[in-house]
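Okay, so chain A shows up in both of these, paired with chain B first and chain C after.
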Partner chain A sequence: MKKITMTRRIVQVFCLILLVYGGYIFKEWKQSPETEQSLFPALKAPAGSISITKLEKGSILWPSGATPVIENYPPSLVCRFNPKGGMFKACILHFFSENLTWQTQLKYLLPYITLFILLCFLLGRMWCGWVCPIGTTGDFLTFLRRKMNIPVKRFPQNFRINLSFTGYGLMAIALTISTIIGMPNFARYQCYWFLPYCQICPARLICPLFGLIKPNWKDFSTSITTTFTILAWIVLGLFIAAFYFGRRVWCHMCPVGLINSWFNKGAGVELHKKSIKCIKCGYCADACPMGLTKMYEMDKDGIYNQNSCIMCLRCVEVCPRKGCLSVKFFGKGIKIKDFFRGKNAKKIS
Partner chain B sequence: MQKKFLDRYGRTVLKGFTSTRSIKSNANSELLEYSSRSKNSSMKKFYQASEDFETGKFLYPEKPVVGYFCSLVPEELILACNLHPVRLCCEENFWTQAGEEIIPGDVCPVVKSICGKFYNQMYDRFDLVVVPGSCDPKTKLAELLSPLKEVYFLDPGRDCEYLKNADIWEEKYTKFFDFLKERFHCSSGRKHLLSACKKTNARTEIFRKIYQFRTRNPEAINSFDYYIMIYASFFMDIEIWNNLAENVYREALETREICKNPKILLAGTPVIFPNFKIIDVIEQAGLSLAADIQCTTFGRFYNPVEIDEDTDSGIIRALSLKDIAGSICPCLLNLEKLVNLIVDAVSQYNLDGVIYYNLRLCQVFDIQTAVIRQALKEKDIPFISIKTDLGNQDTGQLKTRLEAFREMIESHRK
Partner chain C sequence: MKKLLLFLIPILYGLAYGGEQIQIEFEYPSITGDFYVAGTVFFPPAAAPDLKKILVMDKDTREEIPSKIVVQDNWPDGSVLSAEIVFPANSQKKGKYIIFYGDDVERKKSFVEAAVLPTVSFIVPGAGTTVENMDVSVGQINVRVDRSTNIRYWWYILPVFFLILLTVLRTLRTIRMQKL
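The block that comes next holds the complex of A and B.
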């Protein structure tokens, strides 16, 4: 395994442990494990909100009663369904859905949004490729497939574009429902429709497993919860299939990733191409887990950041021509010497 | 059907053909001459191996031997089946004349010399010959050889655009791999493929070191040594070659000679032993051959196999990308890439000029000369195109032309 992938795997595992189990460590450090107080100013649901009363009853939305250490919403997917002791509160889609329902004033939201945008501009979608625990889980599924010697399924370009439209569609529906049930007239639906995307998100079923807690597999009490349960199963099946047979196909439709992708062009991490060095060998396009081809097709020099890119830097790594593809941070070169696995590589370059 | 037809008529051709085997080629005396010029003592083993191969003494490991042509045939697949791959590309005047009895007329001299060798039972111990459909003469060569040997025809197509063709290449290589497995009764899988790729990647690593060392100090490993090393890689066991090449590189590192001659880049037709006329003339004209972009050297060795998916099909796909998409074969649609490579190498290694070597009757190299000339003219890089054949008649004239080119480079430097 080569340097960048090795680093990436280590970072991924570290982030998985931090985001999923970090709460346990930091709670001890706070010396008062019982307190519900967070390190960050918390957003609170309005008093007597139906969504909260419903949650306390123990619905499919609240299996473990997780309390976050830092009440914040980083750009990678972190989940409220992490076992007790999650590090951060939730993902950004959760943040929007929740606060649209609660009708929180904008001034309370601004610090969170500002922080989110700052983090996004710093690393772009690197959050997806390097941090996201669900992505790491999926990469593990991909690893299993490779070990079982099953060839990767390469999806056509159109299919992948349509996947991102599906993601935007789901996001729009989720936010619309959240807004509608926030209105006083429709408040009684909150007990069923609160956090609609979360109810079908595969992370809801996967994240509790990290803490060896049984996720809320089924709720057949009413027709609405039954629908959501079955939808969640279908989406989980799609998720596993997408990661098992393809590589990061799922990430084309993940709404959190889609929100991140708006900041990808112009992010601090820049991918540069020097086209005169390119020999069109196709290594980069072949290795891209998202199935992107812009780095291969581009005929001019410059930045090739794209919306769907998860910045795994695999293209930079596999490029056989030194100096053709490179990664820079705010235009400043990151010194990664000759990627080639020579012991004397330093001497040569 | 085709096989029967060829057997019948190919044998008829053979009947009227007299063997010239009793006359010896002068390849060995040339080898002696080149080895005496070498300053690198580790090179001796390469010269020895080449001599053994020329006289047919070379002892292969106890494996079936598979011959192949071109960089478009994946060596790793042959290695993975525990076979010994031997690249049979040959440019020798002696065998060209022998081959003329079978294929008279204005035909590619490489194909003539290969035919000459085959029809004189030089390659009798080969179990299989793999011929790619890279160019027209090679395609017909597959038919000419099939009465003599079992031939596998591997046609990768002429378009090296990754997006359109990657699946086709993968399919074709997989078929080839399946054929090898069935023909030689072996059950090779991922493990064997990975170890074969590891070997070739180690070779790439050593080659890159030597290549980049020569761009700075071309005299330490002179061009004869360099091309003999390349020639030895055609038939030597890959691990032995790696070790020997590593020794050569280490010894060269210790010698510090400063190159005063203008450094030039040689592009175009591959230089294969014993056709060293062009590099002989370059040396006589006071130029240093510091880098080259040819299919036997750069095209074959420079790219490592990048295995992304370590499944069977993933490895075969990676091989196809290395061999076809990254190819610099003029038969494929990759002129832009070749021009970029030349321009980039000249600026990266501070070279003074480009010699485009063109073997007479190889049309594809000839056709693209005009475009390369124009592209390099725009970049203000001295360029000369040399068209010659395998004979030695025009050596003096070539020398005069290259001397004039050196003077042009020296005036260009100022």
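The block that comes next holds the complex of A and C.
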């Protein structure tokens, strides 16, 4: 395995563990009798702790049954990574949806928005390539495909652009619904429509599995929950298919990734190309999991950051020409020596 | 037989709910549906030996309400001095709630999740809630009144604006570079 990829895998696994179990590490030990003794006290949701609202009807996030869905502590829902259940979320869409519904005053959200923008400004969309647990899961599916010698399916650029529009559409619908149900006249719909995107997000069904928790994968108690259940299955199917057959296709329509992508071209992490050294081998375009080709096509020196780039640095890694593609942080070169470069770099340099 | 029953019923009742009780009060919010009620309660020494000896109950139906109880401080004997109590309520089913505590009380319904629904605070009648009720017999208390608490939050506008501006400028620079 190439060195950057290996480092990325290690970071991904570390972040996955942190996001899944981190809540337990930082959890106050005196929170409940079950958690007083051990650092990792209970990987399963405590019995009888779910469905606290006892709604007869409700969304699949608040089921009438006894299936665990919303526990603030990971490993249930990494999107809500926060040991104290506060406002800061690992998922920015969750953060905005929830606070639009609750009509939280902007001033209380500003510290969290600042932190989010700061991270995006510094690292761009690195979250997607290095941290996102869904991305990590998808990479594992891609790994399985490779092991089974199934060829990768390449999607045309128009298809990827359409996926982005779909993602923006979903995001707009989710935020609009969240805003509407936050209005007093529509508050009675909150139990059905709270966090609408989360109800169909594949993370809701996948991430609890890391913590050995069964997600609420079906709820046919009302027509709305039935619709959301079926939509969640369809989205999960698309998610698995997208990663299994086409690497990071899903990331083109992930709303969180789309929000992060606004910062990519201005991010502190810069991908530079020295076109004079380029031999147009096409390795970089071939290796890009997002199917981007800018780094290959660009015929002049400069930054080739693109909105869809997940900063996995595969292009830098596979480039056989030393110094052709490089990664810099605010213009300062990060020395990726032979240790971090692929074997090809030694052959053709 | 009737006399025996009349004798036994209070005793059984006492055995079932033999603990001390605290009445709590809160205002039902304007939202429709479920919400959480939260607040801090102080207990006398040795009254509530541990978390499980405290429970929240509907005053009318005598039904236990699932609650999340976090001990904040303990008395030197280990019993609970103060605890933060959170429990769910519903604005359509307005009820009165009481907190039971004591050796004879055994909490059965609990949850550990943090609140994901709107939360209102309850108060314990008679407890000091404002500084007007505070008596300071000895020593000195310094109070600093900050009339500009909003600035604690709104100053974040500056870094947000600065970061967005930088991002836009750098994005424009990158786009310029990439133009063929």
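Here is the rule we go by: the second predicted complex is superposed on the first by the 277 of 349 C-alpha atoms of A that agree within 3 Å, B and C clash if a C-alpha of one lies under 4 Å from a C-alpha of the other, contacts with A are read in each partner's own complex, and residues count from 1 in each chain.
Simple rule for what comes next: a residue touches a chain if its C-beta (ideal position, glycine included) is under 8 Å from a C-beta of that chain, and two chains touch if they have at least 3 such contacts.
Since this is a predicted model, take the numbers as computed values, not measurements.
S.K.: Return first, second, both or neither, reflecting whether A:R188 touches chain B, chain C, both chains, or no partner chain.
M.R.: Only chain C; A:R188 stays clear of chain B.
S.K.: In the overlay, answer first, second, both or neither for which of chain B and chain C A:A241 touches.
M.R.: In the superposition, A:A241 contacts neither chain B nor chain C.
S.K.: After lining up the shared chain so the two structures overlap, which partner does A:P320 touch, if you call chain B first and chain C second: first, second, both or neither?
M.R.: first
S.K.: Where does A:V11 make contact in the superposed view: on chain B (first), on chain C (second), on both, or on neither?
M.R.: neither
S.K.: In this superposition, which partner touches a larger number of chain A residues, chain B or chain C?
M.R.: C
S.K.: Let me test your reading of the model: by the given contact rule, A:Y296 touches which partner, first (chain B), second (chain C), both or neither?
M.R.: The answer is first: A:Y296 touches chain B but not chain C.
S.K.: Quick one: is A:L110 in contact with chain B, with chain C, with both, or with neither? Answer first, second, both or neither.
M.R.: The second partner, chain C, only.
S.K.: Going by the contact rule set out at the top, does A:C281 touch chain B (first), chain C (second), both, or neither?
M.R.: A:C281 contacts chain B only, not chain C.
S.K.: Of all the chain A residues, which ones make contact with chain B and with chain C?
M.R.: No residue of chain A touches both chain B and chain C.
S.K.: Can you name the residues of chain A that touch chain C in the complex?
M.R.: Contact set of chain A toward chain C: 28, 30-35, 46, 48-50, 52-55, 70-73, 80, 84-86, 102, 107-108, 110-111, 113-114, 117-118, 120-121, 184, 187-188, 190-191, 262-263, 265-267, 270, 294, 298-300, 302-305.
S.K.: What residues on chain A touch chain B, complex-wise?
M.R.: 145-146, 149-152, 275-283, 285-287, 293, 296-297, 314, 318, 320, 340-342, 344, 348
S.K.: Which residues, counting only chain B, touch chain A once they are in their complex?
M.R.: For chain B paired with chain A, touching residues are 160-163, 166, 189-190, 201, 205, 208-209, 212-213, 302-304, 306, 308-314, 317-318, 321-322, 325-326, 328, 334, 337, 340-341, 343-344.
S.K.: What part of chain C is in contact with chain A in the complex they form?
M.R.: Where chain C meets chain A, its residues are 30-34, 50-52, 66, 68, 70-71, 88, 90, 109-118, 150, 153-154, 156-157, 159-160, 163-164, 166-171, 173-175, 177-178, 180.
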